[in-house]
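Encoded as structure tokens, the structure appears first; notes follow it.
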Amino acid sequence: MCVGVPAKIIELEEERALVDVLGSKMYVGIIFVPNVMIGDFVLLHAGQAMSIIEESFAEESLKEWRDILNAAD
Amino acid sequence: MCVGVPAKIIELEEERALVDVLGSKMYVGIIFVPNVMIGDFVLLHAGQAMSIIEESFAEESLKEWRDILNAAD
Amino acid sequence: MVQRISLAHGEGGELTHQLIQEVFMSAFSSKKEIQHDSAVFPIEGKRIAVTTDSYVVQPIFFPGGNIGKLAITGTVNDLAVCCAVPKMITAGFILEEGFALSDLNKIVHSMAEEAKAANVKIVAGDTKVVEKGSADGIFINTTGIGAISEQVCSPAIKKGDCVVVSGTIGDHGIAILSARNQLGLLTDVQSDCASLHSLIQSLLEQVDGIRLMRDPTRGGLATSLVELCEDFQFSVELEEDLIPIRREVTGACNILGFDPLYLANEGKVVIVCDSTNKDKVIEIMQNHKYGEEAKVIGKVISVNDSNGKLYSRTQIGTTRRIHRLNGMILPRIC
Amino acid sequence: MVQRISLAHGEGGELTHQLIQEVFMSAFSSKKEIQHDSAVFPIEGKRIAVTTDSYVVQPIFFPGGNIGKLAITGTVNDLAVCCAVPKMITAGFILEEGFALSDLNKIVHSMAEEAKAANVKIVAGDTKVVEKGSADGIFINTTGIGAISEQVCSPAIKKGDCVVVSGTIGDHGIAILSARNQLGLLTDVQSDCASLHSLIQSLLEQVDGIRLMRDPTRGGLATSLVELCEDFQFSVELEEDLIPIRREVTGACNILGFDPLYLANEGKVVIVCDSTNKDKVIEIMQNHKYGEEAKVIGKVISVNDSNGKLYSRTQIGTTRRIHRLNGMILPRIC
Amino acid sequence: MQQIDAYNEPQLIRSSLAAVINEAELFKQQRGRLPVLMEVCGSHTMAFARSGIKQALKNHVTLIAGPGCPVCVTDQSSIDAMIQLAEMPNSIICTFGDMMRVPGSKQSLMDAKTNGCDVRVIYSPIDSIKIAQENPDKEVILLGIGFETTIPLLALAVREAERKSVDNFSIWMTTKLVKPVLEKLVDSQKLLLDGFLLPGHVSVILGEKHFRFLKEFHLSGVISGFEPVQLLSGIHRLLTLSREQKADVINDYTYVVKENGNTAAKAMMNHYLEYHDEDWRGIGKISNSGLVLKSSYSKYDAKKKFEVVQNQPRKTKCRCGEVIQGLITPEECSLFDKACTPNRPIGPCMVSTEGTCAAHYQYMREG
Amino acid sequence: MQQIDAYNEPQLIRSSLAAVINEAELFKQQRGRLPVLMEVCGSHTMAFARSGIKQALKNHVTLIAGPGCPVCVTDQSSIDAMIQLAEMPNSIICTFGDMMRVPGSKQSLMDAKTNGCDVRVIYSPIDSIKIAQENPDKEVILLGIGFETTIPLLALAVREAERKSVDNFSIWMTTKLVKPVLEKLVDSQKLLLDGFLLPGHVSVILGEKHFRFLKEFHLSGVISGFEPVQLLSGIHRLLTLSREQKADVINDYTYVVKENGNTAAKAMMNHYLEYHDEDWRGIGKISNSGLVLKSSYSKYDAKKKFEVVQNQPRKTKCRCGEVIQGLITPEECSLFDKACTPNRPIGPCMVSTEGTCAAHYQYMREG
């Protein structure tokens, strides 16, 4: 439905940020992620950061999934 | 000073005429030669007929010149 | 409705293929030759290879090269992949009124330098100037003539043959895109633009069992392999994970929704070779400055396949078919 | 101030000459070759002639031909005047987005037809498409390869040698100008656009003493002869009254203040030959459909003239020097 | 990002696949048929195909591609209208690359460009404001498509035009909302369905809560990411819920999707936009299924700014509408792989690489 | 036209030439020097050179090229102004081909075109009205140069703009009149002169009568055509008059030149134009020596319509002014054939193929 890619905030200005996606960079809008900070990963869609990625949640849900898999074995 | 070429009127409209210069044709303005008629030769400059060529005068002055030349011999 | 040429006709994919088939091949009735990298024919008893390409790249100066360098490397490579030793090149320039003479000089000097490096002579030239607005700065056509090497490919493709690529793919495509400065992409990716004659000559001299070569330019690796499969009637299965792709190129593709398999390359060669020689091939390539990241990326899975196809093997062992580029590469949001 | 390419750089005259000398020849260090109709060089022991030209004519369809026909005849002629038998041609197309496919088809078929007539094969092709506004419909590059004939010119020019032109001059220039429909000129003049290989081959086979040939295209008869004089170090005196010019072409030139000596031709050859053979030359030409109006138009007045020049003899027996085209051909009112 | 990259580990994918197949077998044993799931989002469709999961599951789970591809659901008449606008001499049309090849009644925007119209592909909606500023003599019109992920960006473009006093900019709004179309799907009851794989990126904006309505229809939904393991985890959860006869909505994409979604983005939409009865290609009008500009912003509304004669779009045999509702597979359309190919698409599902028909053509037609 | 073609018969040319040389010898015997004649018109200069007459007469008659080339006498500042106008983003400059390469202080109109300005070469002044109609968003400015032959056509263009209500058209008038410059020449008395070959086509408009003022200065003039025999006839008549110590004005081009000229054309000039103190390149201002638009037509007057900062043109070592007054030959200019060539002209006399310096370069420099 919508291309969304994880992008790391490396510079922060008032209304935009420079992000890095595997070494390629781009200035993107941050109006939808008011609390974003340098070092955060965001989900990038069409030039705007749409969400801050909570890496710990990713880890958690991965762990949860591994547990399910192990249970299934 | 000014390119001027003899051109023959082959079609006549209200404000312009089709002229022929050795087989090449062009529509030209005729406002400066109000009495021009089909078959006349005109002196063409920058898209306008500037004068009607009086062929008989050409003949006459050529004859006159030949007379001078013969006299000089 | 009047049928018109669209940009997609020039992208090297499906529509280019159709245009060549339906317009050029039908009129010139010159069968396959016209669509290959080079045409090979006998002249006065010798086998000569000829190729022609026009270069219209924008911007004309880009990280890693310029239109002039590209005009030489592109043509050198088209000869080289046909096992021809590039001998001479003609250069036809179409200049737009107002083009800066200093830029022309830079471009022409790049050409001279690259030609010298490739040991090829620029033998004939032509310059036309068109009205402002009738061209985009400069277009260059180069036509290359080469002599077929003593060592040539042996195109008896066998099941199990390896597919090798000489390095990372998509660099040129992304370098040009970010140099265009339109979509906001910022990368340090340089065009891979390079003459591969010496790399290829080394291979031909030192290894047997090189079946086929192609330079995957417009339309990318995917389109080039699809065309090889169709033209030489064999099928290939790629291991996509093995294909060398620069991290930034992947990043740029992720952002814009591109598939790197379709991005243009200007200094890469893809080779089909006997699997017994693959280590030697990789070794020779990796010892060459333009082949340092060479990898085996797939294998031939069937031959004498009147309908040769390209597949990719997924991480879970299934395969999916890969087609030639369809339409144009455009940024996507979905 | 930035120096820029002007339209005059492409008119085939003085500025084109300078551009070639100062930019291309200096960078490619390929001496004279680059400015000749064709470059001749040995390949695998055989002598091959190569020429390249881009065609950017507007309008692309004109009385007497189209850009496709021109792209073949122009290149065939450049080979033929170098005593080469045209063998193969490559074709590079640059198309503007939106170009009508039907027009492309017409053009490509003209090329095929003309190539067939000239017995030359179109061996390699390329198509690029550029954005709307980045080109003017279609540009075609053709590069021709020929084998040097058994019969070649014997360029030992002697004083008294004749200069022959194969027919009326300026037809192409006036046909294009009136097809452009800009200056109001109406003529029935057709472009002379034609392949001269057979005419030239007949001459080479049947007459001795053909010294030199050139096709007087951009820059016209005057510029071509000036270049021959400079390159081969001899001087020529033309009898302007003898130069065949179509009545309508003279008329058009009179109207617009042009000199027909500088108008482009696309189906004419100018020849320097031994005066003892001139009748034979004229006879052969006049028996060929593209040479019916061939005429002797001048003679060589000196040789080994490090500063070869072109003169014209006036009606009263004085001479005036003729230079290569300067700037552009523009209509004049004074 | 190691955490996320881990969702792509070959070993993990393989064991996930095994777990899914195992779960599917249990389902089959229980019900005597294959489970039927719909991935709402076209990017999920694409990811299934690219990763090979679709192929690997083909004898275990029936995956139906839903209406979640903006290209596929954009009505022909909107394309026709954009082409009319493009044909105005002083207009510049801005569009996402995705829409370039979508066929209208007679042509696509790509065709219009080929025929000489100024049509520009942008990456971000904001870019069209820049184009408007650079071309003050032209009318710049943005084709405003998308679901809830993209809609806030359209609202943002209007805000930008407002703040920069750009008057030569407008949007042709033809946006789509997920919930109304899902409601229509489940309401029609033509469909046998064991659960929805819910669109991850739309949920970023809408939040998990937004999809809880599914439970009222006794249906489950799992919000999923796009990596192979995430897809498999999502399917596994749906199968488990189904086997356990539970109807629940699970957020399996918690690292970007919050319970309430992105409130800033939702506020932006609410400020500029209001509900509208939107036409869905092949499906028809669904009430309140799209957002358009509020009348106070009608100066930015291309539909109000320009007079466009919207004709009835030309009828084709394209069955996209049924395809995206899961009622038929592309192969059941008589045009599939005949008149209709990715190169000359008849319907939009063949245009976008993630369109169901294109996905079937590209990955399923053979091998 | 056989009558006129006859003026080009080789046999007739040769005997005419003999007659002229004979007459010149008589002159020389009488005066102990070569006769000195000025051909006022640049087309005469060109015709002398092309036909070989100049060369044939070089030891018999000194022919001086006069100020009758519009290119040569157009002031640098007018070119500079046109370039300023060309550089306005919405302007189109129309010019006769002749003016394209005339150097201004820094560049020519050709340079301006090369640098991206919209500069168009027209054949007829009226064509610029058509261009204005086709480009309603642009300001079309015609560089209005010329002597009396061309000036009526400029007036006609204004009439056309008026009749067709074309408001985006204007002329930058910098026209020149023959009589004032001739008066200045003969007045200055720097020049030893035995007669004028008068400009045939200017006389078509002005009439024979217009030149009778020469008699007041005890000078002769012959109005001549451009064919070789006409040129020779004209010279012969001047030499005879001179030898006979008569001052007369003879119309030797009667088939196009009338006593009163073309009254329709003169009326057209009078209607739209009025006298003006015009700057002549290298000569300076001559009072009432040009025509400009009457103030009632100032909407068509580019000088009034646009604000152009007319700077003092850059000084060069070009001696065109002296060349066209017959005070020096081109070879006496230190730049001739060095810095100044037809390819990179410094002065305007090197630009037009009929400019005196260009004529010398092309035909006289060698053989």
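Note that the chains are named A, B, C, D, E and F in the order they appear, and that numbering of residues resets to 1 at the start of each chain.
The rule we apply is simple: contacts are C-beta pairs under 8 Å (C-beta built on N, C-alpha and C of every residue); 3 or more make two chains touch, one makes a residue touch a chain.
Given the structure is predicted, the values throughout are model-derived calculations rather than measurements.
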> So which chains are sitting against subunit A and subunit D at once?
Replying inline: C, E
>> Going by the contact definition above, tell me which chain pair has the most C-beta pairs touching.
In response: C-D
>> Using mean CA coordinates as chain centres, what's the gap between subunit B and subunit F in Å?
In response: 21
>> So the centre of each chain is just the mean of its C-alpha atoms; given that, what is the distance between subunit E and subunit F in Å?
In response: 73
> Using mean CA coordinates as chain centres, what's the subunit A-subunit B distance in Å?
Replying inline: 84
> Once you find the CA centre of subunit A and the CA centre of subunit F, what distance in Å lies between them?
Replying inline: 76
>> Using the touch definition from the top, which residues of subunit E touch two or more other chains?
In response: 42-43, 69-70, 96, 113-115, 123-124, 127, 146, 150
>> Where in subunit D do residues touch at least two different other chains?
In response: 2, 4-8, 97-98, 184, 257, 332-334
> Could you say which residues in subunit A touch two or more other chains, in rising order?
Replying inline: 1-3, 45-47
>> Once you draw an edge for every pair of touching chains, what topology comes out, line, ring, star, complete or other?
In response: other
> What pairs of chains are touching here?
Replying inline: A-C, A-E, B-D, B-F, C-D, C-E, C-F, D-E, D-F
>> Which stretch or stretches of subunit D touch subunit C in the complex?
In response: 2-11, 16, 19-20, 23-24, 27-30, 33-36, 38-39, 41, 43-46, 48, 50-56, 58, 87-88, 90-102, 104-105, 108-109, 111-112, 115, 121-131, 133-136, 139, 141, 143, 145, 147
> Can you name the residues of subunit C that touch subunit A in the complex?
Replying inline: 174, 178, 184-189, 246-252, 254-255, 257, 332-334
> Any idea which subunit A residues touch subunit C in the complex?
Replying inline: 1-3, 5, 7, 18, 20-27, 44-47
> If you look only at subunit E, which of its residues touch subunit D in the complex?
Replying inline: 113-116
> Can you list the residues on subunit D that touch subunit F in the complex?
Replying inline: 1-2, 4-8, 14-15, 18, 183-184, 256-257, 309, 311, 314-321, 323, 326-328, 330-334
